[in-house]
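Each remark here refers to the structure printed beneath this line.
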Amino acid sequence: MRTFPIGGIHPHDNKEWSKDKAIECLELPDEAKIPMIQHIGAPSNPLVKRGDKVLVGQLIGQSTGYVSANIHATISGTVTAVDAYPNGQGQRRLMVVIKREGDEWLPEIDRTPDHKRECTLTPSEIIDKVREAGIVGLGGAQFPTHVKLSVPEGQKAELVIINGVECEPYLTSDYRNMVERAEMLLTGTEIVMRAVGVSRAVIGVENNKPDAIAHLREVIARDKYEGIEVMPLKMRYPQGGEKQLIAAVTGRQVPPPPALPISVGAVVCNVSTAIAIYEAVQKNKPLIERVVTVTGKHLNSTHNYLARFGTPVSRLLELSGLPEGDVKLLNGGPMMGRSVVDITAPLIKGCSGITVISGEEAARGKELSCIKCAKCVSACPMGLEPYLLSKLAKMQKWDMAEEHNVVECIECGCCSYTCPSYLPLLDYIRIGKQTVMTNIRARAAANKK
Amino acid sequence: MQTRLFAAPSPHIHGGERTQQIMGDVILALVPALLVSTYVMGWRVLLISGVAVASCVLFEYLIQRFMLKGRTTIGDLSAVVTGLLLAFNLPAGIPWWIVVIGALVAIGIGKMTFGGLGCNPFNPALTGRIFLLIAYPVQMTDWTTHIPDGISGSTLLANVKAGAMQLSQIDYVSMLGGHMNGSMGEIGALALMLGGGYLLWRRVITWHIPVAVLGTMLLFGFCVALPEGGATLWQTPLFHLLAGGALLGAIFMATDYSTSPMTHKGMIIYGVGIGLLTMIIRLWGAYPEGMSFAIFIMNAATPLINKYCRPKRFGTKK
Amino acid sequence: MNELLLTVLTLSLLGAVLAVVLYFVAQKFKVYEDPRIDDVEKMLPGANCGGCGFAGCRAMAEALVTRDNIASLYCPVAGGEVMTSIANFLGKTAPEKAPQVATLLCGGTCQKRPKVNHYDGARSCAVVNTFYVGESGCAFGCIGYGDCVAACKFGALSLNEETGLVEVDADKCTACGACIKACPKSLFELRKKWPKNRAIYVACRSKNKGAVVTKVCKAGCIGCGKCAKVCAFEAITVDNSLAYIDSEKCKLCRKCVNECPTGAIHIINMEPLKKEPKPAPSAAAESKVETAKNE
């Protein structure tokens, strides 16, 4: 069975807490705060003002550049404010607040449950629809999908890879999507293949989800989805990283930056994103909701919700409750998720789950000194030297950190996870990466002048 | 109880392995060899080991507490490992005060001068041993006490080197069980291998360094014996593998984290270097045993090896 | 005897040959350096703090010697006196700069700005700043993990565990500016240094609206503008609902201090005015400024 070539760790997957919970529709919130930035790139421009009436699916934030994404109203009602509110990390961002009145949708959105498989649109029409719908990578990176689907001139796509790995412990939203919405996923995959002009697609799924693999294979055989193959992968974190997944599936490694995945002919797309593409292209439905896992060892109950963006995190946790004592609330899984410190913050596009870590697990262990055991070096999936990068960043030796390729770090956290001295390796590497990237950009800008 | 909200950058979970655990595993892996030595050489082995461990821990505590005026880290058990390894490198009959001096050099000069755990360029226990070997050559090579009847009063390596013994006279099977003379920790070959197996199983060490060291020694011994041919063809490599500190050095001393290279490729170069140097010193040097010097020299080469043996970057050919 | 002689001769010969070689090598690779650079370097404090903008004192000395116009070069650690003597030594015009002191523009102590979550990552302000606002809800306030304390080469900064804020020892501060670079929230400012380390400043950098500020911090500036109205010297400006006192224009009249409803204006080493303030700025303060300049 295939997997990626270097590094990686084997954390306990903890999927058992929520994997058998079917997708349930979360009751609509009375008020939704919709951030004008839920993607990588330029923030969107709000198109509504206080007092405006909006319908579900109506464009309320216009993308402001090529790498940017549209934002749509997720509930119908009246706009009560366009102002800065704290996001999950407490940082104030521009948001449109809508007070809900009923559930009125834009008429052009097809809300029938029928599955619509046939697609006769041209690639550029598909990409336009994806752009209009404001679709971004739903695996967590939030990179605008229309940019990914536009194959640059001179490059040629050979293979579409659908990321069903979900290597993050705890999270089960992609898994539930594969099991419950396989038809939508497969038709979405066909649309992506059409958009980038390839005849072959591989859905990579880790072997800890055998029923998803079996179910997808069954549907592919039954409904004759040609050119789509399900590939079981050996369980290992961070297999869901784009470069790791391409290497696992094709055996080809994407060269270091500035090379993009397309340089080895691969276009990668997350399972939830493929479903969003299906809905946008076939049903005219913009990206307004997603499947989000609410999980944790000490919760009253765990769920896989279909929830609208802008729903407060507190709403998602209403049934599950927060455990007493030390609690860490995460937007995403425990390896790459971000701490949430404000539970009034809204659900955003990139949030695949709310993981609650509590008790002793919430706190970090006591730091000791580095014993040069090289466990971080063996664990790094990018072949870097985390102990060194961390030290260089701590000492602010930015030039040396750049020489040691700090920008190639994918922030997967394997180094901090394995460190027997509990050193916050990634904490410092991240500063190094950010600073070096700023330096590189500044140099590039200076060269242009 | 109230809910207290924690915040930290990712990752939010940990594999659970701790430094103390690793050190504990090393200590556990040393126990079989300690038992064999105690059985062969008597209770004094335990006494000397106890003195070495206690003085190493004490010196570390005193230096950190009163000279560096900082937090003490004796809880990480690394001083215990240093103490044990130091004791393993000494003859059983050594006076206790020499052990204390060795511990002071090992911890004070070998470890703390460089900044403590993880910062030392040389294996602290070896620093202590080499200091003692040069400062107290007589006591350090006095193998005549605390040995059972029927074992020669000097080490096999010394005997063979001096020509007092032929390779064909050696009983290799009893060597495995510890029926030979030498430092306290180096005589139980089987017990050391058992400890090594445990460390491999617990993933405390990888196979690269021990295999590179021992493989090089085997190959080198074989090449040396090639002109003579006959029975020496297997006797020479086997003898060098089992005699002296080869196993103790390859499994426990050379694999010390802070003084060995970080990448697998580097580890192999380092191991080959140790194997070669050991054999050269043993065969043509002034000392009968060269393991500790070989490791010491290769420790010095570790930063250089680290510089040139980088891990393979994702997406690059080399 | 013969052996001894031979040894001595060999070594002497070797020494002589090598000396000649060394002489020629030294001639060949000789780099001319203005000897005044060494002299100037000796006059500089030698802290290598980078406060002048150069990599170290040597680089600064080189610049001082080689550049014609040194008006823009200033060593904040050495101060005006040393700069004048260096300029006299080099026969150039000295840069003029009044003494300054680093000031932390945040008054959000643990009591005034309670912590709403518990930070558990690496003890570094820069790390905190990479991913969230910090333990209090204020996105502008002091994080309190002491990146600036570590950056200060003169031991002028210390972390007060009780308040959770960094304190500046004005006597030790050399205004080198290292803390300004180290603080991810840009909370430090170099302000005019008054005699006896007196100071008046707005200890807040929050550009949030008043209502948002009071929610997270009881000591923050809410931008009410009362202070600006009473200021007779136009030293106070209010921008983005944040008041700022220009230390060059401020005369330490203390009128604004009593006006501030949240106590965001800090007054250091001075008594605040009695409830009914006198109209004119105290003449004493001004005369003291004069003496300070004359010194």
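Observations on the structure shown:
Every chain is named by a letter (A, B and C) in the order it is written, and numbering of its residues begins at 1.
Just so we're on the same page, a contact is a pair of C-beta atoms (placed from the backbone, for glycine too) under 8 Å apart; a residue touches a chain by one contact, two chains touch by 3 or more.
Just so it is clear, the structure is predicted and the values come from calculations on it, not from any experiment.
Between the chain pairs A-B and B-C, more C-beta pairs are in contact across A-B. Among the chains in view, A has its Cα centre nearest the centre of the complete protein Cα set. Greatest centre-to-centre distance from subunit C is found for B, with centres as Cα means.
Distance between chain centres (mean CA atoms), subunit A to subunit C: 43 Å. Each chain gets a centre from the mean of its Cα atoms; for subunit A and subunit B, those two points are 48 Å apart.
With centres set at the average Cα position, the gap from subunit B to subunit C is 51 Å. The set of subunit A residues that touch two or more partner chains comprises 326, 328, 338-339, 341, 362-364, 424, 427, 430. Each of residues 116-118, 120-122, 127, 130-132 in subunit C touches at least two other chains.
In subunit B, the residues touching two or more other chains are 4-9.
Subunit A makes touch with subunit B in their complex at residues 5-6, 9, 11, 169, 243, 247, 253-256, 259, 322-330, 334-339, 341, 357, 361-365, 368-375, 377-378, 380-385, 387, 405, 408, 411, 413, 416-422, 424, 426-427, 430. On subunit B, the positions that touch subunit C within their shared complex are 4-9. Listed in rising order, the residues of subunit B touching subunit A in the complex are 1-15, 17-19, 21-22, 73, 76, 78, 116-119, 257-258, 261-264, 310-316. Contact residues of subunit C toward subunit A in the complex are 116-118, 120-122, 124, 126-127, 130-134, 137, 139, 208, 212. Interface of subunit A with subunit C (complex): residues 86, 89-92, 326, 328, 338-339, 341-342, 362-364, 394, 424, 427-428, 430-431, 434.
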